[in-house]
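Below you'll find a set of structures to go through.
Below are two complexes that have chain A in common, paired first with chain B and then with chain C.
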Partner chain A sequence: MSEILQYIHKDGLFHRMHPGTKIFLILVIGVLTILTLDIPLLCLILLAVLLLALAGKVLREVLQQMALILAMSVIFILITLITMPEGEVLGYLIPGGFLPVTTGALYAGVLLTLRFAILIISFQVFVITTQPRDLVNTLEKAGVPIDYNLMFLIALRFIPTLQIEAKRIHEAQLARGYAPGTGFVGRIRSVAPVMVPLVSNALSRATVLGLTIDMRGYRTRARTPFREERMNLLDRAVIVILATVLVAFLAGTILPHFGYALG
Partner chain B sequence: MIELEGVTYCYPQGGRDALSGLSLSVSPGECIFITGPSGAGKTTLCMAAAGILEHEYGGKKDGRVTINGKDAKEYPSLSDISTLVGMVFDDPEAQLIFTTVEEEILSALERRGLSPAEIEERLASIMEITHLSALKDRAPHALSGGQKQRVVLATTLALGTDILILDEPTAELDEQGTESIVSVLKDLKAKGKTIILTEHKYSRFRDLADRLVVMEGGRIRASGPPDQIAGDESVRRIILPDFSGIRDFSVPPPQNGGKPLISVRGLEHCYGDVPALQGVNLDISAGEFIAIVGENGSGKTTLIKHFVGLLRPTRGTVTVDGKNAATAQVSELAHTVGLVFQNPDHMFFANTVAEEIGFGIANLGIPEPEKVLEGVMEKTGLSHARDLYPRWLSRGERQRLAIACVLAMQPKVIVLDEPTTGLDGRESREIMEILKHLQRDGRAIVMVTHSRQIAEECTDRIITMEGGKIASDISRRD
Partner chain C sequence: MNLRRYRALSIAHTGAFTALLAAGSWISIPFVPVPFTLQTLFLFLAAGIMGRYAVVPVSLYLLMGAMNLPVFHSGTAGIGVFLGPTGGYLAGFIPAALLAGIGYECRPRVARYAGMAAGLCALYACGVGWLSLSTGLSLEMALLLGAVPFIPGDIMKAAVASLVTDRIARLRAGKHADTEGEERRPA
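Presenting the complex of A and B:
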C-alpha cells in the first residue's frame, strides 16, 4: 500500500533545505500559479516543479499522483465545457449540436488543471521531504500557534494509520458478506459499513490523545531545541532567486493591470 | 509519593460510583500491581492518582488525592503534575503524535529545559533501556503493538518523572510484546522508579509486584504482599483465569469418514517477495475445536484469511466445503466460514445490536431472519442488549456481539483471531463457553490465540506455527 503524504528519508536537494526556505518556495509558486492566466507560463512552472522533484529524488512518488491529476483534469474540462461555453466552437461532444467544445471552456479547464497540478505536486514535494518535527518547529518559530501545528502534525501522522484501519475494516465487512453496492445510491450506501467504524474509532482516540498532549507539556512548556536547523548558503541563494522571480513577476504581469507600467 | 484518601468518584454521565471511598498509599520505589475484573475502577483509579480526574474531568468527586505531599487540587494544571507523574494508557496508537520513534522521544525531552548535550545523553539512555535504538527512524504505523507501547513508555520516561502510572499497558499486546514491556519495567523498578500498574495478566507480572491490590466494584477488595493475597481462594478466582471444565471429551470426535470442511494442500503465500506461508497441509472437520498458536509473524493470520478468500494462495490449494477458495467470492465462502476479527470495533456501524447482527443475515439472505437473530442473541448472552448501541457495550459484550454477527450467517466453521485480547478472566471464560457450545452443535472452531493456557485447557487440537510453516499439529484427544 502506498503511503499518502509521508516523509521519505533520502538525501536529496529538498531534504538538505531549511523548512523555512521550502515554505517560501511553495508560497512563491502558489502566488505565481494563482495570479497568472498564462498557460505557457503555467506549463513552465509545472516543468520546473517536476525538475525540482527529480533533483529532490522524489519524482517517482510525485508521478504516482498523476492518475489523480488526470482524473481531475477530465472533470474540470467537463465542468467548464458545460458551464462556460465561450469562444470559438471546435466541435460537439454529443453529435447533433449538444455540448459544444469551445476554446474558452478548454482554456479555463486546462488553466484549472495546471493550477491544481502545480499546487498539489509542490505541496506533496514539500511534505514528503520535510521531517514533520522540523516543519512544526519552523511554523512555531514563524508564530503559528502550537494548536494549529499540532493539528497539522496529527493529521499527517494518522493518514497511514487510517489507511491500514480502513483496509482491516473493509476485510471484516467482506467476511460478513458485505458487497460494495453498485450504482450511485448503492455506492453511497455501502460507504457506511466502512466509514462509520473508521470515524468512530478515530474519535474514540481523541480523549487519550488530548491527555497525552497536555501531559507532555507541548502546549504549556517552552521548547529547547535539540538540533537547530540553520539556513545555509543554498537556502540563502534560493531565497534571493525566489524573491527576484516574485518581484519580476508582480512587476511584469500584475502591476500593469493597475495602470503602472515599467519604463 | 501518592496518597488517595477516601476517594469517591462518579463520571459526569452518571451511573454508579466508579470509585467509592477508596484509600491507597504508594511509597517511593514501590511497584503496585492493581488487578480486578473489567469495570472494577482500575482506569479511574489511575486517572485519580495522575491528577487527571481533578483537572480534566467533571463529575462528582469526594476525598483527597495527594501527589508528592501536595493536594492535586493545588497544582495549577495537569501539565504541572505531569512533571512528577508520567502516565501510559492502554491504546498506544493514541499516544504517538510524531512520525518517527526518535522525534516522539525528543519532543518530550525538548520540553524540559535541557541543554542539547543533556538531551542527547538522555535520548541515548532511554533508547537503550527500552531497546528502541534500531527502530529510531521508524514511523508509528510500521511498528508492532509491543514496539509502539515501548515508544510510548520511552516518551513517558523522557518526561523524567519519578512516578509512572501504567493503565493496562499490555492489554492489546501479544505474549512477546507483553514480555518486552515486563522486562523494561523490571529495569525501571531497579532504577528506583515508583510504578503503579493495572493489568489482567497477573502471572506475567508476578516477579515485578511489591504489592498486589485487587479491586472490585470501585473498592479495594484485598491489598498486600502478592503471594499472601493470591493465596486466598476468592481472590484467586478474580486474578487467575479459570477454564476448568471447558474441555469436554464426551463430545464425540469428528467422524473420519466425513469429508473435511476445509482442506489445505501445499499452501504457499508470499507478500511481494516475502514468503509468509510455506508448504502448509491441513484438514479441518466438523466438530473440531482447534487452536492455532505461534509468535507474531509466524503466519497465523495469513493462514486463516485464506479460508474466506481475503487472501488467495500464491501456490497450493485451499478447498472450503468443496469450493476452490482461490477463485470463489468472499461472500460465497462466508456461507461456510465465519471469520471473527481481533478487534470487534472494526466491524460495528449499526445503531443497535439487532441491526448489527442483521447485517450479515441480510447480506447472505438467511431464511427466517428474526428467528436466527433471537437464537444467536440468546446463545451469546446478548438478549438484554437488543436495542443498545454496540459501541456502548463492555469489551466482553462487544466481543460476544462480534461472534453473534458471524454466527448469524450460520457458517459451518467459525474462525476467530485472538478472541480474548483485552478481556478479563471471566469474560474470556464466557467466550470459551460459547465456543464450546458451538462445537457441540457440530461446528468446527478454529481459534488463533497467544494464550498457551487457553489453547491447552480449552481446545482439542493445537497447531503450532513457526516461520510460515506448521511446526506441530497435536490432537489432545489421543
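Presenting the complex of A and C:
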C-alpha cells in the first residue's frame, strides 16, 4: 500500500520552489476554480494542473488518486440528480418515472466534480512536494500559532501510518484464527479486535511523541530553522506569472458583471 | 487532561485523533458490508480519552477537510462539502464532541451515556436542520431521511466506542500503574 499525502523526495519543479510560492499557487488555482462556472474552462484548468504535476515529476502519484476522485464524482452526480432536478428530462434512473435524470442536475454534478478534482489534485501536489519542516516554517512565518502547526503536521504524518497499521493488525488477528461471526452482533464484535490495538498503539505512540517533543525543549519557545528557504528567481517569476493570470481572470469575469450592472 | 500542563502530550494526542478521524472515513472494516463511516466512532473515542478537549482534533479535522485534504467520507474534501446537503453533520461534530467529552469527564456511567446521547442529538439536530434547509425538504422528511436510518448504527458505534474506551483506560492504567493508577485508587 503506498502512503498517501506524504512527502516524496524528487528533483522536480515544485521541489525547487519556496513553500510560500506554492501556497500562493494553490490559492490562485482555488480562486480561479471557485469563480469559474464554465465546464470547458474548468477542464482547461484541470489539464493545466495535471501538466504542472507532470513538470513536477509527481504525475504518477497524483493519478493513483484518480480512482478515489472517480468514485467521488459518481456520488456527487447522484446527489445532484436526486436533490436538484432542473432543466430537460433525459431519462429515468429507475424505470417507471422515478428519479429523473435532468440536464441541469448533470451539469451541476459535472461542475462540482471538476472543481473538487482540481482542488484536491492541486493540494496534493503541494503536500507531496513540500518537506514537512519547510511547511511548518512557512506557516509559522505566515502567523499560524506553532501549536496548531504541530498538530496539523502530526495529523498529516499519522494518517498513512494508521492505515497501514490497521491492515497489519487485521492480518495479525486473522493469522491467530480470529473469526468474529456473522450478523449484527458479529459486526460489532469484529470492530473491537482491530480498533482496540489500533487506538491503543496510536495513543501510546502519541504519548511517546509528546514526551519527545517536550524533551527537545519545545517549551523553551526558542526555535531555529534547520534550513532557511529563500525565494529565488524561479519563485519571483512564478509569482509574477500567477499575479498576472489572477488579475486577467478577475478582469475577465468580474468586470463584465459590473459593466452589466452599470449599463 | 490539563492542557497547560501536558501541552506537548495534548498536541500529540490531537494529531493522533485527527488522523484517526480521517482514517475512520477510509478504513474498510471487514465483515461490514453496509456503508459505514467510522467518524462517529472516533468522535466518541476522542471524547472518551481527551474529554472536552476532543473539540480540538474535531475542529482540526474539519479545517483539514476545508483545506481540500481528502479526509471526509469517501475521499471528498473542500468547503463545498460543508455547503452540500451533508455539511450539517460535519458542523455537528463540534457540539457532539463537546457534549460527549463533558459527559465522559464525569465518573458515573449514566452521565457518560447521557453525554453521548446528548452529543448524538446535537449531531442530528445540526445535520437534519441543514439537510432540510439546503435541499428544501420538509423537517419530517429530512428527519426520516437524515436521522432515522442512522440511529441503530450510531448507537452501535457509541456502544463500541465506550467499550473500546474502557478497555484502553484499563490498558493504560495497567501500563502506567505508577502514574495514572494512583489517581484512580480512592484515597
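Quick note on the criterion: the second predicted complex is superposed on the first by the 227 of 263 C-alpha atoms of A that agree within 3 Å, B and C clash if a C-alpha of one lies under 4 Å from a C-alpha of the other, contacts with A are read in each partner's own complex, and residues count from 1 in each chain.
Methods note: a residue touches a chain if its C-beta (ideal position, glycine included) is under 8 Å from a C-beta of that chain, and two chains touch if they have at least 3 such contacts.
Bear in mind the structure is a predicted one, so any value in this text is a computation, not a measurement.
Participant: By the touch definition at the top of the document, which applies to A:Gln131: first (chain B), second (chain C), both, or neither?
Facilitator: Once the two structures are laid over each other on A, A:Gln131 reaches chain B alone.
Participant: Looking at A:Asp147 after the superposition, I want to know if it touches chain B, chain C, both of them or none. Which is it: first, second, both, neither?
Facilitator: Only chain C; A:Asp147 stays clear of chain B.
Participant: Is A:Ile169 in contact with chain B, with chain C, with both, or with neither (first, second, both, neither)?
Facilitator: The first partner, chain B, only.
Participant: I'd like to know which partner A:Ile75 touches here: chain B for first, chain C for second, both or neither.
Facilitator: The second partner, chain C, only.
Participant: Which of the two partners, first being chain B and second being chain C, lies in contact with A:Thr253: first, second, both, or neither?
Facilitator: After superposition on chain A, A:Thr253 lies in contact with neither partner.
Participant: Based on the superposed arrangement, let me know which partner A:Arg115 touches: chain B (first), chain C (second), both, or neither?
Facilitator: After superposition on chain A, A:Arg115 lies in contact with chain C alone.
Participant: Quick check for you: in the superposed arrangement, does A:Pro193 touch first (chain B), second (chain C), both or neither?
Facilitator: first
Participant: Quick one: is A:Gly217 in contact with chain B, with chain C, with both, or with neither? Answer first, second, both or neither.
Facilitator: It touches chain B, and chain C stays clear.
Participant: Quick check on my understanding: which residues of chain A belong to both its chain B contact set and its chain C contact set?
Facilitator: Chain A residues touching both partners: 150, 153-154, 156-157, 161, 192, 194-196, 200, 204-206, 209, 211, 213-214, 218-219.
Participant: Contact residues on chain B for chain A in the complex?
Facilitator: Per the stated touch rule, the residues are 50, 52, 56, 77-79, 82-83, 86-87, 89, 91, 93-100, 103, 106-116, 119-120, 123, 137, 139-141, 155, 159, 305, 308, 310, 330-331, 334, 338-339, 341, 343, 345-349, 359-360, 363-364, 391, 405-406, 409.
Participant: What residues of chain C sit close enough to touch chain A in their complex?
Facilitator: Residues of chain C touching chain A: 6-16, 18-20, 22-23, 26-27, 29-32, 41, 45, 49, 56-57, 60-61, 64, 67-71, 74-78, 80, 84-85, 135, 156, 159-160, 163-164, 167-168, 171-172, 175.
Participant: For chain A, which residues are in contact with chain C within the complex?
Facilitator: Chain A residues touching chain C: 5, 26, 30, 65, 68-69, 71-72, 75, 79, 83, 112, 115-116, 119-120, 122-124, 127, 147-148, 150-159, 161-163, 166, 170, 180, 182, 184, 186-188, 190-192, 194-196, 198-200, 202-207, 209-211, 213-214, 218-219.
Participant: How about chain A: which of its residues touch chain B in the complex?
Facilitator: Residue list for chain A touching chain B: 6-7, 9, 131-133, 150, 153-154, 156-157, 160-161, 164-165, 168-169, 171-179, 192-197, 200-201, 204-206, 208-209, 211-227.
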